[in-house]
Amino acid sequence: MFTTVLIANRGEIALRVLRTCREMGVRTVVAHSTVDRDSPAVRQADESVQIGPASPRRSYLNPAAIIAAAQQTGADAIHPGYGFLSESPEFAEICQAHGITLIGPPAGVIARLGDKVSARAFAAEARLPLLPGGTGPAEGVSDAARTAAAVGYPVVLKASAGGGGRAMTVVHDPGDLARAYAATRQEATALFGDPRVYVEKYLDAARHVEVQILADAHGEVLHLGARDCSVQRRRQKLIEETAPPNLPAATVEHLGELSVRAARAAGYVGAGTFEYVLDEHGACHFIEVNCRLQVEHPITEMVTGIDLVREQLLAAAGQRLSFRQADITPTGVAIECRVNAEDPARGFLPTPGLVEEFVPPGGPFTRVDTHAAAGTRITADYDPLLAKISVWAPTRAQALARADRALGELVVRGQGVCTNVAFLREVLTHPLFRYAKHTTSLVEQMMSTPMH
Amino acid sequence: MFTTVLIANRGEIALRVLRTCREMGVRTVVAHSTVDRDSPAVRQADESVQIGPASPRRSYLNPAAIIAAAQQTGADAIHPGYGFLSESPEFAEICQAHGITLIGPPAGVIARLGDKVSARAFAAEARLPLLPGGTGPAEGVSDAARTAAAVGYPVVLKASAGGGGRAMTVVHDPGDLARAYAATRQEATALFGDPRVYVEKYLDAARHVEVQILADAHGEVLHLGARDCSVQRRRQKLIEETAPPNLPAATVEHLGELSVRAARAAGYVGAGTFEYVLDEHGACHFIEVNCRLQVEHPITEMVTGIDLVREQLLAAAGQRLSFRQADITPTGVAIECRVNAEDPARGFLPTPGLVEEFVPPGGPFTRVDTHAAAGTRITADYDPLLAKISVWAPTRAQALARADRALGELVVRGQGVCTNVAFLREVLTHPLFRYAKHTTSLVEQMMSTPMH
Amino acid sequence: MTPETTGEDEREQVLDWVVRHTALLGSAGQAPLRRITVSTATLAIDVQWSPPPGPAPGVGGQHDTGHAHPLEFAGAPPDTTAGTRSTGGTVLVTAPMVGTFYRAREPGAPPFVQVGDLVEAGQQVGVIEAMKLMNAVQAEHAGRVSEIVAEDGTPVQYEEPLLALVPCDAH
Amino acid sequence: MTPETTGEDEREQVLDWVVRHTALLGSAGQAPLRRITVSTATLAIDVQWSPPPGPAPGVGGQHDTGHAHPLEFAGAPPDTTAGTRSTGGTVLVTAPMVGTFYRAREPGAPPFVQVGDLVEAGQQVGVIEAMKLMNAVQAEHAGRVSEIVAEDGTPVQYEEPLLALVPCDAH
């Protein structure tokens, strides 16, 4: 096992990783920007290194700064959390070149699965069900138009190097394709320095279901069931749930097996997520692989009892998985609600400010992952995630009631700070959600009703 | 199911009960004293009634005030929490006379099992293993001396009406018996208005193990495994753990069966706890029944997935248990640490004061039950329990590490407020505790070593 | 299925009731209606009126529905020991216990005191019933009754104001 | 499936009800209706009227970018852009990045600057190595070196003080 792990992230996920490291007796170093110097992860770390200014490009996205910090503190491994450098094959290679273990899959696997076009090619090879679309990046607007016409509108244009729902444009009308193509290329260049864009069939009313997999460096791969992440705003998840409601266990099992087989074929190591969309007929289509810990991993932990960060560390250290597929029997229902500092009434605009009062929920089967406390300043430099409130219950009805109860307990007050708690509670009571008939368009449907 | 439940308690347990009521869609009324008027339970309740001044005798221990509050607010049931009126057969009868359901076993059962002498008689009838001792209250000091000589020293003198470790005196030397007898009678009269005292063999190095049972009103009784509560200071529990470490599963199963059989014989309804001591040879001896929810119930919830307050409400409403003994398979290890506002260095003296900063732990498999937050005033009127920090893990070693990690995260700061957190962490790392060789004398052993 | 049917019937009844009575509720509060919440299985209704214009209720962190606090009287420090609080020139006689407040010994009997009456320290000014027991409410100080605050036959909480006196020495 | 059907029927009933009664509810409150929320399985209805006009809670709020305050030195305004901070009469040259600080171009070579040296704005005063890359540290202001704060060959964090200058204009 590692002696010292450097955590190259911030917010709740830095704290999350730190917690497990501490429990495993592993020394922690937290690399942080100037604005995060008083964060709980920094305060609790065995050591901390200030690696740059608030701007992520000069701190959390700066490989040189992170490697220097790791070397200064004798860290033998780096945990990248999610976002930032967590899915950068270049960073994975740099770590390797410096003799530091990056906790995640090998650089080659990230390179292959992280790029959306090569992931599509890989998925085709691994016989994962794919959405109709181009076999590679569009070779120009007329190639894109040909593909779009072939698969049928609506289509989505996606940056090949993209992720996190950015540089993605849905096109319903052939007349809009040319403009959308140009805009997406421009955005892709600006965001990822890579103009490649590809065309894929777009599903209007889809469910987003993902499979959590776990693999060791000895070829053993297994899955921990699936999560439904259909409640999204601006293509970012708001509420996640496991097991996916109203989805036959056989479908979950089928997706699990597909994902495990593909992960084994890819030489995957560590924790990863295979994402799928399900159309209204229940047909599954692979969309992408996330080569990292997922924001919503706590709900999988709650139904399986498995600490995913612990398994990440063990796998990265070369240890064999200590359980088999047959040992994993997810129990009950877990739901995570992401509490953001944002204003749903103004298009979910982030609301930075100073948190003056913060009282998290507690009690039975309630888990809180947060870096917030009285005195926390929410800055515009980073994403507005304030807290993840996760609950477990034996049944979905009880889990929904529990999530609503927990959200009702949460107190976040401070000048300028606004949260989406009331909106989350609206989702929980929405009939489509209650009856598990919702798709990724739920939030839009809710926002477009004049009642709100 | 009930429409409205009145919660006749305070602190974390009022909040605990409120949480489940809310999740079940049951309206809540919190009865509170003047000093508790700004407590979280009062703030979160659907309604609240101020029933008296800080002094428990005029508020939480005052049946007339609680009944009046229930009638004013249309409550059809009262949850007494633990302590206060939770084990008063008189209060149970008063509730019944007023057509209000007291959430707990019937008055007759509380009367029979709550009195320690009649509980001993009942246990003998139910063939529970008993510690050697008198068959009834001592009829005078010479009767007490005869019993003591017969069972052999050390012995313990206990108030027949006692509980919570109060009015109990251990006597090691026959020469001390007369004085101890008089003192215990006096204390018993002062505390419980009942001078009866009985004599029982005392085990110096014992483990305290208790069985959680659950019974419906239709004769179905089952157990949810056992908890080890050997870490005590001044006969009050500090750390509880399930499953009991180093205890053969067969012993737990045996104690479970004994308890279920006895509870069925007694006509028990609701949640209850059968307490036992285990001597150094592993022999089990019944000591008492707690006819209420236990402070340490969260750890049983964590290993079984069963919400005990929910089951209490369902049982009190006459519903049948929805699972059988075979459905209950406790998984993993859960540990609860009681964080008190007290100073271990000064004999665990309570330290009232104002909490100015309060940051609870969070993250994986960590549960917090607390009424504390920034601004909470800890008064000398009530017990000094600030928070219960409970953790779960697949193995005991991981659970110990997790408990230590969670305690390390907790921040409680405020003028005058001192906590036992450092002491709890010392217990967690103590070799006797780590190797599960500890008995109820662990804290005394620790306090007598000069290291502290 | 029977429970289903019962549930539907009940829900319809509840809805009917709300509609029929909303107008009534609207005129019941002095402030305009702000919100009605109905939730069933088996029934909880929450009706809220707008807060009166003006400074919000003091004592930070008041809950939406948190009506249960005794009315705050400006400048009156909470006094947890006595059944009396003073506010400006008057002294409040407050409930010594939770229960139902009666102004007279029994229905039909004359009230213990009326506005304008002079009472002596220790004089009974009302009665509070809890668990069928009648508990005398006594004035702690002598004074002239200036207002009856709590209505006859209403539930009161501990320390809720019952009536106001102008102390004798203030004359 | 039967439960499905029941559910749909119920939803339709509830929707019907809302449509039929909204007008009635609308005229019940004095203030305009603001919101009706219905959620079922099995039924929760929430009707809200607008709050009475009055000063709304301040929404605008200030947008605080609050980034990157360097260590506060008495009286020094935070300067987030430069690797320079002033304290009293001296100015600190701080690390522009995390890495290893070297006072000379290579082992054995003379240091870029010594205490007492006069440096010009933009002059290299040291080097920071990160990932085998040597990054020049330059003085932002002209001045005389009054102290070498960071030792040669030691790891430094971002914005850690490296050396102190007395600015030229302070002479």
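Letters A, B, C and D mark the chains as written, and numbering starts fresh at 1 in each.
By definition in this document, a contact is a pair of C-beta atoms (placed from the backbone, for glycine too) under 8 Å apart; a residue touches a chain by one contact, two chains touch by 3 or more.
By chain, UniProt protein names: A, B = biotin carboxylase; C, D = Biotin carboxyl carrier protein of acetyl-CoA carboxylase.
Just so it is clear, the model here is predicted, and its values are computed rather than measured.
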(request) Note down the smallest number of touching-chain steps it takes to go from chain A (biotin carboxylase) to chain C. (result) 2
(message) Using the stated contact rule, I'd like to know whether A-D or B-C comes out ahead in C-beta pair count.
(response) A-D
(request) Return the distance between the CA-based centres of chain B (biotin carboxylase) and chain D, expressed in whole Å. (result) 47
(message) What's the distance between the Cα centroids of chain A (biotin carboxylase) and chain D, rounded to whole Å?
(response) 22
(request) Mind checking the centre-to-centre distance between chain B (biotin carboxylase) and chain C? Centres are C-alpha means, answer in whole Å. (result) 36
(request) Please compute the C-alpha centroid of chain A (biotin carboxylase), do the same for chain B (biotin carboxylase), then give the distance between them in whole Å. (result) 42
(message) Where in chain D do residues touch at least two different other chains?
(response) 44
(message) If a residue has to touch 2 or more other chains to count, which residues of chain A (biotin carboxylase) qualify?
(response) none
(request) Report the residues of chain A (biotin carboxylase) in contact with chain D in the complex, numbered from low to high. (result) 33-35, 49-55, 59, 63-65, 67-69, 71-72, 94, 98, 351-354, 377, 379-381, 415-416, 426, 429-431, 434-435, 451-452
(message) Touching residues of chain B (biotin carboxylase) toward chain A (biotin carboxylase) in the complex: what are they?
(response) 15-16, 19-20, 22-25, 40, 44, 298, 301, 305-307, 309, 331-332, 357, 359-360, 362-370, 373-374, 392-394, 398, 401-402, 405, 408-409
(message) Quick check: in the complex, which residue numbers of chain C touch chain B (biotin carboxylase)?
(response) 39, 41-44, 46, 59, 61, 63, 65-70, 78, 80-81, 97-100, 129-131, 133, 155, 157-160
(message) Quick check on the complex: what are the chain B (biotin carboxylase) residues that touch chain C?
(response) 1, 3, 25, 27, 34-35, 37-38, 42-54, 59, 63-65, 67-69, 71-72, 94, 98
